[in-house]
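Just below sit the structures, each encoded as structure tokens.
The same chain A turns up in both complexes below, where it pairs with chain B and then with chain C.
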Partner chain A sequence: MKDMKRLIYVPILHARDDSRHTASVLGGNETDGLSNGGMNKELTAVDEMWEGIAAKIGELNLPLNRARIYQDGLPVCGNELEVVTRLAESGSPNFLFILDLIQKRAKLEATEDLGLLVREYDLLNKLLLKNSAKDRKIMIAEYQSKSRELLTMRDEFILNRINTTLQPGEIPVVFMGVMHRLDKMLEKDFLVSYVIYRLPFRSIGTIYNA
Partner chain B sequence: MKKKPETVKVLLIDDEPELLEVMKDLLEEQKFQMFCASGGLNGIQLNEQQDPDLILLDLRMPGMDGIETLRSIREQDEKVRVIILTGYGCPDTIRDAADLDVSEYLSKPFENEDLINVIERTLET
Partner chain C sequence: MIMSPNSSLLNADPNLFSPVYLDTQKISMEQLLALYRFAELFFPEVGPGLVKTILDMEKHCEMISADATAQERRKLILEMKGLSMDIQYILKDEGERLMEVSVHIVPAEVLKRAQRRGKDPSPYQELGKNLDKLIIKLIIREIRKRFTFNLKDNFQAFLKSRRVPPFISQLLRMGWINRKGQLLECASIEDLLTGKYHEQFEQLMPRELMQEGMHIRETIKTCFEIGQDNDDSLIRNAKKRHALLEITIDETNRKV
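After this line comes the complex of A and B, so read on.
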């Protein structure tokens, strides 16, 4: 029987703020937001989700010096640590947690092709700039269809990143948006353990989760 | 405006009688109006009869599983808020749940406080 390597897979919901700030770090425009009340509820839900994920990962007692982190949306650009640090400084609980793991000796790996990621942000921005409800419905359908194609390409790229960067004896820890289907690709070569605490769909929405 | 718990109807669908009992007691202490179903078909019927504000749904049940149950419920009822409770979560069920417009997806085991917090948040959205 093939010796299966262990992989920790954490399905996540991206916060609107993470999408905005990542776009900004990549040199794009920040997308618009919610009312203050809606934004506060979303931020609380995001914080609670990450507190739960951190607790669950803590319970695993992973040897972090042998963990390699693969974070959704982090482009191969040569400045990965700087991107993570800037996003953590902007208050993202996702990137604060990643930075904490890095400070505890986990290694960071970029996952995404910058070109594909920029295409994804362009699609999302186009959707968010549309104002009328009718246009928005059409745009959401168009976005979802195009985004699905892009997501498959992104998943293939991420899979290749994992396969080519993981070193013998290391444990990959993958933080991936819930709409990715990377888990299906990984299950062929890895023994995948899922870490799931709580996913507040309605508070955060799924539109930012490609 | 935030609804008072005594005006909120909660339907709990889970095949484990002990868990059903414990969660019913817990939520009745919080003054919610509780209705319990021990399986998917029973849950669908109770949803039609009682028109709850919120459904707490176990995913893994013999016969009709949680996703099938929710699919049937959504054919009749687009508005009811749903919280998925599962001890066997995986991305496939998460994606299915997202497509069926669930409010929250919560992994078992959870603390009582977590469940109450998630219910309160869900009722606010």
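After this line comes the complex of A and C, so read on.
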């Protein structure tokens, strides 16, 4: 029987304003109708989730100098570390944690196809710029259909990245949004261990509704 | 008990209505909400509507619509003649039965009826809303149970003291609590925590209890939000994703 390599898979929920940054297309003060109190509670819950994930990964006692990180949304561009640093500086707990792992000697790997991410961005632009309810309905349907196609293409690209960049003896640590089906593709070649942090109930809604 | 096609799930005793068996005493709100979200995550197209559709197929066949040509339907009906499906969904917590859904479907019949009615999503949506309300109702019941449990010791201590505080006497007179210190059905948790009785309640109760109460209140709010339109949630997610990608693309362009 083939000796399966171990892979750590962290399904992540992109919490609202994960980057603590507001996209330009939305205008400067967009808060989705949340009060400051609501935003703070939500941010606390997001931080709590990432603290939980960090603790779970800590419990695994991974040899971090042999860990290679693959991150949802991180393109092959030559300045991956700068992208992660900038997103961490913007306050994203996801990227702050990645930066922390890199500082502890984990290797960062360029994960995604930039062209596909730009296509996703353009699709999101179209979706968010349409204002009338009728247009938005049409755009939502279009977005759902096209983003599914894109997601499959992205997953295939990431799978190929993992297979071609992973060095012998290294442990891949994959941070991927919950909508991805990459884990199913990886099961053929890897023994996938999931890292899931279960939030206390009062925080679940905040994250899940984000 | 078998429900008639027109009866509302909300009017039925959640412990008894068929084909769903649900032990509300054993299942917790965390479990319910986690399962609800689980279904949304893994069946993004149909979400928790998958169960609703299956139940509709069994009990409310005329509400189902199928997007297939008349020719394809005739062919499928012929090919599925005599076939039946028995679906049994049992949810257990360490072997203890929490929920059970047993459904018997005759696919050819489902398709025949769907063909007669054509596309009419409104009754289906109504059933869906009812199921959402039912889940929320169960969660609220659980939340209330927990809050009542937390308050009981404090109310009891006041009722046993020599000088019962006037506010406690008032709650007794209003029928909001009983002599055992239990919070009764007509009591408004909202009024005690943030409404018209907030000040008196806060003076009497320990700070931790007030905080716990606020958490419970947030939870109730969350439960209601979960039942809201999925489009809103999609747009919110899209905004978050857009913000992240904007920074990423901007940073990659710097190098270029």
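Note that in this section the second predicted complex is superposed on the first by the 169 of 210 C-alpha atoms of A that agree within 3 Å, B and C clash if a C-alpha of one lies under 4 Å from a C-alpha of the other, contacts with A are read in each partner's own complex, and residues count from 1 in each chain.
Everything below uses one rule, namely that a residue touches a chain if its C-beta (ideal position, glycine included) is under 8 Å from a C-beta of that chain, and two chains touch if they have at least 3 such contacts.
Keep in mind that what you see is a predicted model, and the values were worked out from it rather than measured.
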Max touched-residue count on chain A (chain B vs chain C) belongs to chain C
Next item on the list: Using the superposition on chain A described above, determine whether A:Lys146 touches chain B (first), chain C (second), both, or neither.
Entry: neither
One more residue to check, A:Arg119. First (chain B), second (chain C), both or neither? neither
Request  = Tell me which partner A:Met179 touches in the superposition: chain B (first), chain C (second), both or neither.
outcome  = both
Please work out whether A:Tyr194 is in contact with chain B alone, chain C alone, both, or neither, and reply first, second, both or neither. first
Taking the superposition on A as described, I'd like to know which of chain B and chain C A:Arg68 touches: first, second, both or neither. neither
Overlap of chain B and chain C contacts on chain A, residues 41, 178-179, 201-202, 206
The residues of chain C that touch chain A in their complex are 29-30, 33-34, 37, 41, 44, 215, 218-219, 221-223, 225-226, 231, 233-249, 251-252, 254-255
Chain B partner, complex, touching residues on chain A are 9, 11, 41, 44-45, 48, 178-181, 183, 194, 196-203, 206
The chain A residues in contact with chain C across the complex are 14-19, 21-26, 30, 32, 41, 73-75, 77-79, 82-83, 86-87, 90, 92, 114, 117-118, 120-121, 124-125, 127-128, 136-137, 140, 143-144, 178-179, 201-202, 204-206, 208-210
The answer for chain B against chain A in the complex is residues 81, 89-92, 94-95, 97-98, 101-107, 110, 114, 117-118, 121-122, 124-125
